Structures are given as C-alpha cells and as structure tokens.
C-alpha cells in the first residue's frame, strides 16, 4: 500500500532523532485474511474481523501477523541502536563510518533526565540531579571536542575513516532502515515500551507505536488489550490469591458482571474468563 | 556435556515413535552464568542461582537460555512432523524419500483415540466413537496396501523413489534430528504441551519435557511455574475482576498470606505481586 | 505498492496448483536506496542504480535486499510443501485439516514424468517408464478411494477431522500464504530452481521467479548473472586449471577481451576479474 | 563434549581482548552422522566421513552443520561488537552499562595500524601515517579523560549508570557470550576473515577459526577448500574466459591432470569439474 498522506508518517524523537515510515505491506484486514487461509472461511464483516484478530492475539496465534510488514527509517544515538539491534528478526541497513564521515549530531539529554542511580532497579531515580546542568554542559563540550578532532583527522590529516571514529561516543547519532512484520514489531514494542526499558529507546518505541496503529488500528488495539495491558500471574501468585480470596465469586455474580457479547468481549471470551477463574480457585463451584 | 547414563535419555512415543537425546551443551548452572555476563556478579550459591533463573523466566529475559542446547533424534508420523517443523528456530535433518526407500512404519491410533468431532473446538470430543474398531482396522489395511504398492514400485518396477512415494499417507513414520536451545524448547513446549495441541504431537512434547528437565531441573521448574502454569488476564478481565471483587484485599491480609522469603518466592517477587494487585484494583490503597 | 494489473500476477502450476502474488513492498529502486543509507550518497540515475545493485549481489552484500518484500498465495501438493517449509526465514499460514475438511484435490503426475530411478543421483532417470500409464491410473484410483473414505468419515460418521486425515496422501493439495524479502526469495530460488531440485518444487520456483522479476527486474537480472549462472571453483579446481592452462592469458589479451565499461561490466568489475585471474594463476604476471 | 585441555581454548586479541571457548556440542563426526539421517546409510570409515563432509560443503547442503554448536566468551571494543552483532543467527549475552560500571579498558591501536584513507576502498591505505604516534597518544588521552569523568559521575556524583555512559567511546571494551552452530560460524568467518573486513574484527575471526578447527578439523578444512579459497565467476566472466581461451583443454589433457581419486578429490568431484569446464566453454567437446 502507498503511505496515507493524511496520517502522521514521521515523528521527531529526542533532540535530533526521528522515525519515518517508508513502506507498508498489507492493511488492517490482512491478519484476518491470512488467518482465514487456515480455516477456509469466507471474507467477513468488520465486527467478525475484529473478533478474529482479537482471538488470535489473545491466544498468541501469531503467524497471521507475520504477513503484514512496516519499514521505517530511524535516526537514533548509537546507545539506542545498540539495544535496538538486539532484536534479531528485523532487517537492518545502517549508515557506515567506514564509508562516510558521519554527520555531526549528538544526543544531549534534557537536564531533567539526569538523576541519581535508583536503588531498586537499573535506571535513574527519576528526580533531577542537583548538578544536572553542569553535567549536560560538560557532555556537550566533550561532544564538540570529539567532533573537532574527528573532523580534523579526516579533513586535515586524511586518516582512514574506519579508525578516525575510534573514540566516537555512543551519544553520536546514526541512521538506519528497519523492516519487520507486525509480530516483530509487537515483540519489540512489548519490551521497549515497558517502563523498565531505558527512556531513550522507550521514546522511539512510543513513536513507532503511534504511527503504526494508524495503519493497523484493530491489531494494535488488540495488542494493547491482550499483551501490553495484560497481567500474568504465576502458579504461586494464583495460589496466594486463592488463599486470600477463596471462592469469592458466585456464578450469579459472574453472570451479572459479564457484559453483553460483542467483538470486544465475545461469548467465547466470557467462557474463557470463567475457566480462568476456576483455575485460579476464585469461582464458587457448587 | 556427555549424556548422563543414570538419566532416562530415550522414551517411546505412540506405536512406533521415540525421542532420543543425542547431545547437550551446558548444564543447570549455564543460564545463571550466561546472565551474569550482563551484571558482572561473581559465581554464587545454588539458592542464588535458582533466584536468578526464576527472575529471568518470570520477566521473559530469555537470552540467557539461548546458550544451552539440546539435540534429539525423533521418529514421528509425517502429520506430527508437519506441525513440528513450523517451529522455525530449530535446526533439522530429516530422512529423505528421495534418497532411500522409507521404512514400513505407520501410525495406527488406539481405538479410544477415535471420537466424534467436538462442537466447541477443533479436536475430537474425547469420547470413543462407537465404530472406532472398524475405522482403525480400515486404516491399517490402507497402510498395508500402500506399503505393498510402494515396495513393488521401487523393488519390482524400479520407479524413481521421489515419485513412488506420491501417495504416502501422512501417518507414515519418518525420522529426524532436531537441535535447539532452551528458549526454542520452551516455546515449543508451551505450544505443544497445551491441551489445545493435537494429541499426537502433545505426547512428543511431554516426552521431550520429561527428558529435558533431568538435565536442567531449575530452568524447567521455573518454566512450569512462570510459563506453563501461569494465567494471563487481559485488560478487560482485570476490570471485570475488580468490578466483582473491589478492593477486597487489605495490606494486612496480603502480609499474612505472603510466605517467608526464599528462592521460590523472593522479597522482590512479593513486591511485584503487590504491584500487580494494585494494577488489578484488588488491593485496598488507604 | 499495489499490484500492477499489467503484469502476470498468477501462474498455474502442475495439475491443480498455482502461485498468486498477494502483496509487494518496495520496487526496483528500493535495494539501491536502502544501500545508500550506508554510504550517504544521494539518489541517482538508472545506470548508477543498476551498477550498485549488481555490485551488491556480486559481493553478497545482501542486507539491502531484505527491505523489499513479496507475499504469495500458493496451492501445492503436501510433498512440495514439506520441502518448501524447510526454508525457515519465510512466514507462513497454511490451511489446516483440523479446522476444515480439505478440498478434494490431488496431484496426479503426467505420464512422461514417471521414470526409472536414476543410478547417478536421487532423481528419475528422465526417460518415461514403459508402465507409466498404468501407475498413473493406479495412483489416481488410490486418491479417489482415499477421498471417498475421508469424506465418509467426516460427513457420515462425524469423525474428528484431525484424525480423519490420518492416511491423507502427500499428493493431496494444500494452500498457504508465504511472505519473504528478496534475500529470502533469492535463497529459495537458488536452491529450488536448480536442476537437482525435485521437479515438482522446481516448477513452483520457476513460476515465482517469472512473477517476481517483473517487479524487480534489475535485482533478479543481477541474481541470474551473479548467483544462478555463476560457477564456483574450489581451491583444488583452481590448481588443476592452472596446471592445465598455466599463465595462458597475457595482459594484452585480457585488455582486448574486456568490454567497454558500463553498468553491466564496470571498470571496477574488470579490475576484480583481473584479480581473480591472478589468484587462479591464469594471468601472465611479467 | 567437555573441552579438550590439550587444545588452545583461548586466544588474546588486540590489546585487551580475547576469545575463549566455553562449550562445544558434537565433534568432527557429527555433521556426517546428522547427514546420514537423510540417507539411512550406516556409520562409516574416516575416509568416507571426509568424503561426505566435503561433498556437503561443496554443494552448500548446510543443515548437517547446524547440529554442532560452539559457544565463546569474547572481550572486544564496542566498534567490533557493533559489526559482530549484525550476525543475527547467533545467540548473545553482553555485559550491560545499565547494570554495572564497565571495566576501564579501551582499545588503543598500534601505531602501524594508522594510515591514510585508501582511495580505492573503504579501508586504510596500509601504509603508516607519518603522524600516527601523535594520534595514538591523543586517542589514549581522550580515553583516560573519559574514564575519569565516567568514574567520577558514578562514584562521586552517583549519576544513573545508564546515563553516565553517554559519551563512552566505541573503543571501550565490552564482554559477551556468543553461541552458534557450525553453519552460523562458517557464515561469520566467510565475511569477517575476508580481506575487506575491518582489521579489528578480522583478528577476532581469525582467532575463532584457529580454536574451532581443532575440534572440527574435517569440517573447517572443507570450509577452507570450498568456501574460503573458492573463486566464483559470474556469467559474464565465464564468457570472457571462454573468449580468451576457447576450448583450450582436451579430454586427454584433463585426464592427465585429474589426480588419483581419494577423499580429497573423489571420482564424483572429477565429474563435476568436467561439467564445470564444459559449462565454462573451456573443454574441447569433440
């Protein structure tokens, strides 16, 4: 499909970064029609498509999401790229410091991004560091100094580019093209939109998500409902919950809570919910 | 590591099938030690290893499970192999009907496996079909007839093997070698040990699981607790639960239910559980 | 891109099969523009694009071919699908005999396809078997018999579909959707267009190739010139050639043979050719 | 298999780097025995194993090399890791600057590594730059300065580690574990042992190769003969060669050049060579 000019196809990220949609294959009906290859059922109403797509994502039947593809051009600091490229199912092309002198762009964080090391996890504490302004200034100066040296090595001394970049900081921006199917993107977003992801990659994931859901609203809504916003309870957590609550829910109470069936909570889904409550020991079975 | 002769390294499956462990790389400490590359922490006690491995699987930090590998030889009906080979991260070598006349082995189900089509899903209803014995007998005869024809085409008429197999039934057994890391195996088992998987592949998955957990007991126990036996609630299901139960749990009640900290339910895990209850709207926040 | 209605987007294969293009991402300029991300060079003339694409494929710089995608719907015998699905970088959705009664379509080979087993390789000898007509007739009857039984088990006896297919022959047709980028397709075609591939999958590969090269003529032409039609000489074969021919080629002779530089044989390529001749010991180095 | 203590299992690379074998699955007989699953042939002599392994690699039948696995721990500069991690079929665990303060190790090149940018390719020209000593000294000072600042940010100011590393140069060393099967390693080595690979990753590839071939001598020897040392001629290059040489080789001359058959040049291989000469137009066909 050609890009839709009415959509936002590009978003600025951080101080010099961006994500820009370059190509799309498929549309919001594609996962439904790819799934129907398995079942041989004919094309159907919007509501039936929604029902199926939500069923598929709920049950992790992921192959029908592999037949729709999105390709982005991205500019991001090397530190972000280092995390991004750990996702090995994407296809990548990145600009190369062996082939060209890289553009003089560096990531300098906002002052309120600079905080103490958190005690409980591997991130910043979230509160601005009292000396943040000074650190940011020093970082900026380091970047300017590196740039001068890098430029001089290449322009004045004609040093081989592949070595002139030796001390290039990981705050330096680089540009790449990344292609993946919807499943690849779901997995990336699940990890990188999470609050435990480093802020600098999270803002890229959020930008991708905003652009992508314009083209595949049904799929990304289901992704939010069944993946992003889901909570998973371990065997032990189920037991603890049952210990605290017992069989607190009666069939009557459950019946009263269940909404009218519709694509967003089908009759089948109500049955699955009832089964889960039974497995969790929360439903009175008398 | 060489195989442990005290372990069960081979299991019979169905009427003529088997799974046989051929090789292992790593042991039950390997995921812990691979994970410690990231954190630079030194080698540790058994309890600390258990704590880390369980943390990793709970949070789907899966890369440390990619550095340990198991290789099996399997004999299974083609219908099972067709499902198995959809798992694309494994490495495979299968015997070839172009290279050899295949052995005369066919899968004939037990009679109590034959049932009516279920109405609610895509499996059998579970109850034995009244004419099961007759069907099984007819299937067996079809297989014998095919085998005679196949053998005659090759032995008597010297027809090219690649064509002589034209009508080979998918109940025919074939043999293959499959290699994968622990993450590959987890994903396979999660799907194929599930009750919605077809019975014929489920028994293979169960056999793999039994053999594997002897070599990696800590990892497979965590896999059971956090993946296999977990329950995932969607956004809507969380809301329905909150609607029915409200803030039914007090901090005091929670405190009373939480077990003593240990590798199987750490202090950190108790904090995560509390957070989940808050996000589910079940914990009184006063 | 939407499909081009002036192109042939579907081809019949074997007696009941087909390949049908369902979607394309990118066009014949995409590999060039993805590659230019690395080098930062601006968009260029058709001839320059051709030069770059040919350079990339010649040197196995394959990542710029991963950003263009083609998706096909295919109907093929199970025996072909079994070979096709060994290509693990594609995404697949196949119809399922658990979800539906499969259509009554079977592959019956043409008589002249039936030959003796070849002695030198794993294929047919190529010559028609004197009893071919009889075999084809018998195969057809087996297929009709299976179909009757299969239909009766499902329609009359309501046997679970997942078992009713137990003896389904691998000549039975099934349908699937397959999505892959150009590199995935190159690797598939390189293997399956080869004369050692089984005839039944080779005709599918040829059909894919014919459709694909309409959309990416430059890339597939380079694929033919540098991959399909290339010959690779081992270390020993180079030595044998040098032993037989010695330094048979003078610089003068080479200069006379080299064509005028152009996108189809650039100056750089002439230099590479000279280097190869030196490494092969065929060029007089005086 | 446990590591062989008589082998060299670790090699120093660059000024502070290393590669260290951590685990192996399979031995030099494994590719042969995995391949024999396809053909059903019984275990065989060493010479027959060599013959088969060489045949497989010559014809790019690569799946039997996927069932043998090697795992390494590696310390390398980030600039090398950035190239290494583009190989997406490996499994990786890398130390994380979010989890720990990274060790104070930086890559400072030898002076004779510093040269002018080459005109013909994207590397250094190979000749030492007259000011090399000065550049190396300056790089070293930049690294010392960065280290002081990084240490101070973390130790004195307790700045979040994930930000303190903002300007970390890509010359900084990091450590990772990498697991791959023989095919993954072949593809890596083919690309990274090549003379067009950047020197800094080439020395790592060479070190891996030296360690690996101790464990799989037969496979890596075949890899050298049929992959590394092979030369590939394009369609056009074949034509040019035929134009210059014509049918220069007689059957007699060929017969005289072919060595006695043996595992290193089998009768079958002689036939393949003859076919190649025919396809290249070099063999007199009268």
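As written, the chain order gives the labels A, B, C and D, with residue 1 at the start of each chain.
Simple rule for what comes next: contacts are C-beta pairs under 8 Å (C-beta built on N, C-alpha and C of every residue); 3 or more make two chains touch, one makes a residue touch a chain.
It should be emphasised that the depicted structure is a prediction, and the values quoted were computed from it without experimental measurement.
Over half of the residue numbers at the chain C-chain D interface are used by both copies of the sequence. Chain pairs A-D and A-B differ in how many C-beta pairs they share in contact, with the greater number at A-D.
Averaged C-alpha coordinates put the centre of chain A at 34 Å from the centre of chain C. Here the spacing of chain A and chain B, counted between their Cα centres, is 28 Å. Centre-to-centre separation of chain A and chain D, using mean CA positions: 33 Å. Multi-chain contact residues of chain C, defined as those touching 2 or more other chains: 63, 86, 92, 96, 99. Contact residues of chain A toward chain B in the complex are 58, 63, 86, 224-226, 229-238, 240-241, 243-245, 248-249, 253-254, 257-258, 264-265, 269, 273, 276, 279-280, 282.
Listed in rising order, the residues of chain D touching chain B in the complex are 1-2, 23-26, 30, 34-35, 37-40, 63-64, 66-67, 69, 71, 73, 91-96, 99-100, 175-177, 179, 181. Residues 78-79, 82, 85-86, 88-89, 92, 96, 98-99, 107, 109, 113-118, 122-125, 129, 131, 135, 138-139, 142-143, 146, 149, 153-154, 157-163, 165-171, 198 of chain D are the ones touching chain A in the complex.
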